[in-house]
Amino acid sequence: MDTLVADLLAGLEEIPLIDPHSHIDPLSPVARSLEDILGYHYYTELAHSAGMSQQVLQPQVPSRERVREILRFMSHYDNTAQYRWFVEIARTFLHFPGQRVTVNDADWLYETAERVFQQLHWEAEVRQRTRLEKIFLTNEFDDPLQGFDTTVYVPCLRTDTLVFQFHQPNTRQRLAACTGIEAEDAGRVRRAFLTLMERFVNRGAKACAISLPPQFVPAPLSDAELDNALRRADSAALAPALFWLLAECCRTFQLPFDLMIGVQRRVYRHGVFQGQDLFDQRTSLIQYQELFNAFPEVLFPISVLTSNQNQELVAYSWIFPNVIVNGHWWYSNTPPYIRKDLTERITAVPKNKLIGYYSDAYKLEFVLPKYRMYRQILAEVLAAEFVRPGLLSETEAVALGRQLLYDNVRTIFRL
Amino acid sequence: MDTLVADLLAGLEEIPLIDPHSHIDPLSPVARSLEDILGYHYYTELAHSAGMSQQVLQPQVPSRERVREILRFMSHYDNTAQYRWFVEIARTFLHFPGQRVTVNDADWLYETAERVFQQLHWEAEVRQRTRLEKIFLTNEFDDPLQGFDTTVYVPCLRTDTLVFQFHQPNTRQRLAACTGIEAEDAGRVRRAFLTLMERFVNRGAKACAISLPPQFVPAPLSDAELDNALRRADSAALAPALFWLLAECCRTFQLPFDLMIGVQRRVYRHGVFQGQDLFDQRTSLIQYQELFNAFPEVLFPISVLTSNQNQELVAYSWIFPNVIVNGHWWYSNTPPYIRKDLTERITAVPKNKLIGYYSDAYKLEFVLPKYRMYRQILAEVLAAEFVRPGLLSETEAVALGRQLLYDNVRTIFRL
Amino acid sequence: MDTLVADLLAGLEEIPLIDPHSHIDPLSPVARSLEDILGYHYYTELAHSAGMSQQVLQPQVPSRERVREILRFMSHYDNTAQYRWFVEIARTFLHFPGQRVTVNDADWLYETAERVFQQLHWEAEVRQRTRLEKIFLTNEFDDPLQGFDTTVYVPCLRTDTLVFQFHQPNTRQRLAACTGIEAEDAGRVRRAFLTLMERFVNRGAKACAISLPPQFVPAPLSDAELDNALRRADSAALAPALFWLLAECCRTFQLPFDLMIGVQRRVYRHGVFQGQDLFDQRTSLIQYQELFNAFPEVLFPISVLTSNQNQELVAYSWIFPNVIVNGHWWYSNTPPYIRKDLTERITAVPKNKLIGYYSDAYKLEFVLPKYRMYRQILAEVLAAEFVRPGLLSETEAVALGRQLLYDNVRTIFRL
């Protein structure tokens, strides 16, 4: 065991967390059963990829049965980072005594989870053990944002539907329902967007967010052109311009706009729920050059789906004051990609522009194992790039880690 | 010396090999002279790139002279992985005593090779020292598949000609000659393909294979459209559709279809034989989405030419049950790329979907040094990613290695 | 501390340098004040990216004030490789005693620099401490090339203006002024280019150079087509053809043609001076296939802007005798990219085709810290890939390093 890395890791584990991106439901933030853990698409998609039939995912199959089947197929993907997250959850939260989980543990895990997850104050306990101060949500634009503590569960306006589904009548009906505005021309769209963003800001929202396909190029339309595109319900024309309007609203409300770049939806059309999306590596941040030039006052924390695009992200963040590097997303959220991308970032981008990590979690129990994976790698990178070459002391290296894990999230999102 | 890596390597060296892709001629599987080794395009192209004139490759130049010249230029590329393969061959098979080979060794090597390679049972000895159980071939569609043991030399239908040269009368004549079918319309093409694939399967074939250019997008044609494209001998229209027909045949015969993606042929038009091909990194597996969706019953072991595309391969294999990760191809078959790509794969893709390596060899003598290079890196990766972090014991790590080297080849190709 | 790496580094530090690419002004090669160091765009752009207003870069702001402000923002980018270069300069040339520089050191550094940089023979001292034998320049085509020692400051014809600004009357006027030829048709353009290249060669020029955008595809035009494009001042048509003409001139004069591929100019339009350029990762060396085929007699030392393109560079150099690998450029000139790219190159490309590094420096003081960074990584790579696996002795490894740092520059540029 490398004692320097262990020492740095110990230092990093003292740092509280503000998790700047998740899919937590604040009305049901923790797991209720083992199925809430193993139903996470990372497990269903890996099990299916390794050979599991989707039959077992049908609602009529009993929950315990489904969990057992996903665990059975785990023996085919126990080499993955996702498997390690599950073992960490079992060990940390269920006090599972072993180092490896197999189908033989299904009943024990299922029953222990039933008991543990029903405890009073389970949510508070998970947050406390995770040292989790705040966690950002992903809220649909018509989310009522009621019934939870927004100083812990920080609202974030997710805008995919507004940008990519605006041509569908249902979207405009929902928008009308929550803003009172029939958004049928450019002026009213703008007013509706401002209205809902104001509601979000008043409820403590700290960011807008959107995921974007590889080909996407933001571009404004004149009001007349936008009116025309709205009449024709032309989604290809609408999306770049509606995105641009949202950036204008972010400027008005001083909200950072999280861009998650590169996902192609529904590539595997018969895949499991949320296990259908992939990508086309041929994308470039050059597509955003007009945006970055036009909105110097808006911060754009950017996630890229592929490690290939990391050098673009490093370079654009090195040059553009408003481009911020944000976490390790999805297909790049495994140790080899985190190690490479983090090393490239931390030696080239001003350190006040690096948001280290976010969990992307659906249930709070995932925050701990995912951040643990990240902190381990962060400790290794700090050791190799800064402490061993004599550039930083251990204390200074931990301070740099703290900036990535905590300080920058506060500064950039104005918490 | 790292004893953990050495121990793992010793364990991995016990594992027999099934090599799932080569260019071995089963009627002449081993080298007859040193020229059979140094004539391999890896050496001629590196020597030429380093400054060797192609004059020496003319047939009228005596073999010993040619070998000496390639060895002379080796002093300019003795930093490469290819050089190490040659040193391994010299040491292992010719009992060359040194650690480095230079032009001064030309006569000794040439003469020793003459003697050693002519030994009785040389082929059996090479296979035995290599622990090589089976090795897949690359067979043209009209290969007679006669005169060799198909339980050792496993036929594999190579389909490049059928897909990319079908517009040439010669291809259809050859097809007619071996199937008895004049493939002039969609129905007869389909019958001809089924006929020849049946013949291959009856002779023990375990896979179809094809190499594909970066821009290629498979797509079916209706029979009427295909009839039309056949009449016009329109190769651009034919290739995607003929490829699709072959995938249908693979489904019928339950054959995996090896896709080797990304090669651009004849880029350096005056290059040495087989040393003319390069690539355009701008390619994506998204081009294959319809194929992967349409053929859930067909396994597609996929090789990508560039390490840049490895993350796509990892992600597509993580999501699609029928996408299999296959080896390290050509320009990605050097230690830094193998190390990176293997590390990314083995931490993210279900382990039953990883085919570790294939030799791509033209002569059996190359299987050993190439697999040795791979096993060394595999041992290092297993140590760094699994044993040192406490995730696997040494025995478990070697078992994981065995799955990549042996078990998965048996399962995926139904041996 | 790794003693093997330290030993190799000590060996590498004995090797004199020939720096094959810089932006040194031979009439003012060294810094006159600290501002000449901190005004380097790497510092102004990082400071601006980290939050510094550009106001302080206005000429009316006093120099000492500007330096202080750039130093103040250094606290936000003291994690970067660029920061380390500055610390090295301060320690080596100003005898700064600390390990870290902050704004508190501003006055001391400013005043010490005033004193040290004004010393007699400062230029000679910098070159001697750097062991710098020769350094290549970047000369505009109408540079008088007078007043300096061309055996130390080696002229290099930079051709961006000729290729990309030829449609502007000013360029042709300048060309006429220095060649006496009004280049208004193909024949006269050719003569003008030959005339100026002859002048350069007579003044000791050893290379042509150009930086190229990601989309660029060289292609010849017939004289009639070129005449037509010249009449229309059609820059899109002119650039590929003028580039081709320059390659013909390089052939005539046996000059290597340095290609620096992938930069997109003025992406951040309001960025600091020289801090506006970025890139589109979607580019390929396949765009140069006709060039490489057409000019087998011309050597093309190639720099790629992104590490993504390194595998293309490795493969094209492995296959094409006239493609040379050249240094680590700009956004790829930080330790993680150098480490990766160098490792990939040194295990796959004939070693006589590898130019290890160039400084790209604007002032001589930068040559030392940049090469020091490179040599450190080179020592690590030699240790890991060659000495530790038993392939080279330490002495042989240092000799390989010498080939990359020195011998190949002499051979390739015919010094």
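Order as written gives the chain letters A, B and C; numbering starts at 1 within each chain.
Criterion: a residue touches a chain if its C-beta (ideal position, glycine included) is under 8 Å from a C-beta of that chain, and two chains touch if they have at least 3 such contacts.
Here the structure is a predicted model, which is why all the values come from computation and not from measurement.
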{"item": "Interface sides of subunit A and subunit C: same vs different residues, half threshold", "value": "different"}
{"item": "Rotation in the CA alignment of subunit B with subunit C, degrees, nearest 5", "value": "120"}
{"item": "Gap in Å, rounded to a whole number, between the CA centres of subunit C and subunit A", "value": "39"}
{"item": "Where subunit B touches two or more other chains at once, by residue number", "value": "282, 308"}
{"item": "Complex interface listing, subunit C residues touching subunit A", "value": "45-46, 48-51, 76-81, 84, 99, 264, 267-271, 275-282, 306-308, 331-332, 334-337"}
{"item": "Subunit C contact footprint on subunit A (complex, rising order)", "value": "282-286, 289, 292-293, 296, 308-309, 311-312, 314-321, 340, 343-344, 346-353, 385-386, 390-391, 400"}
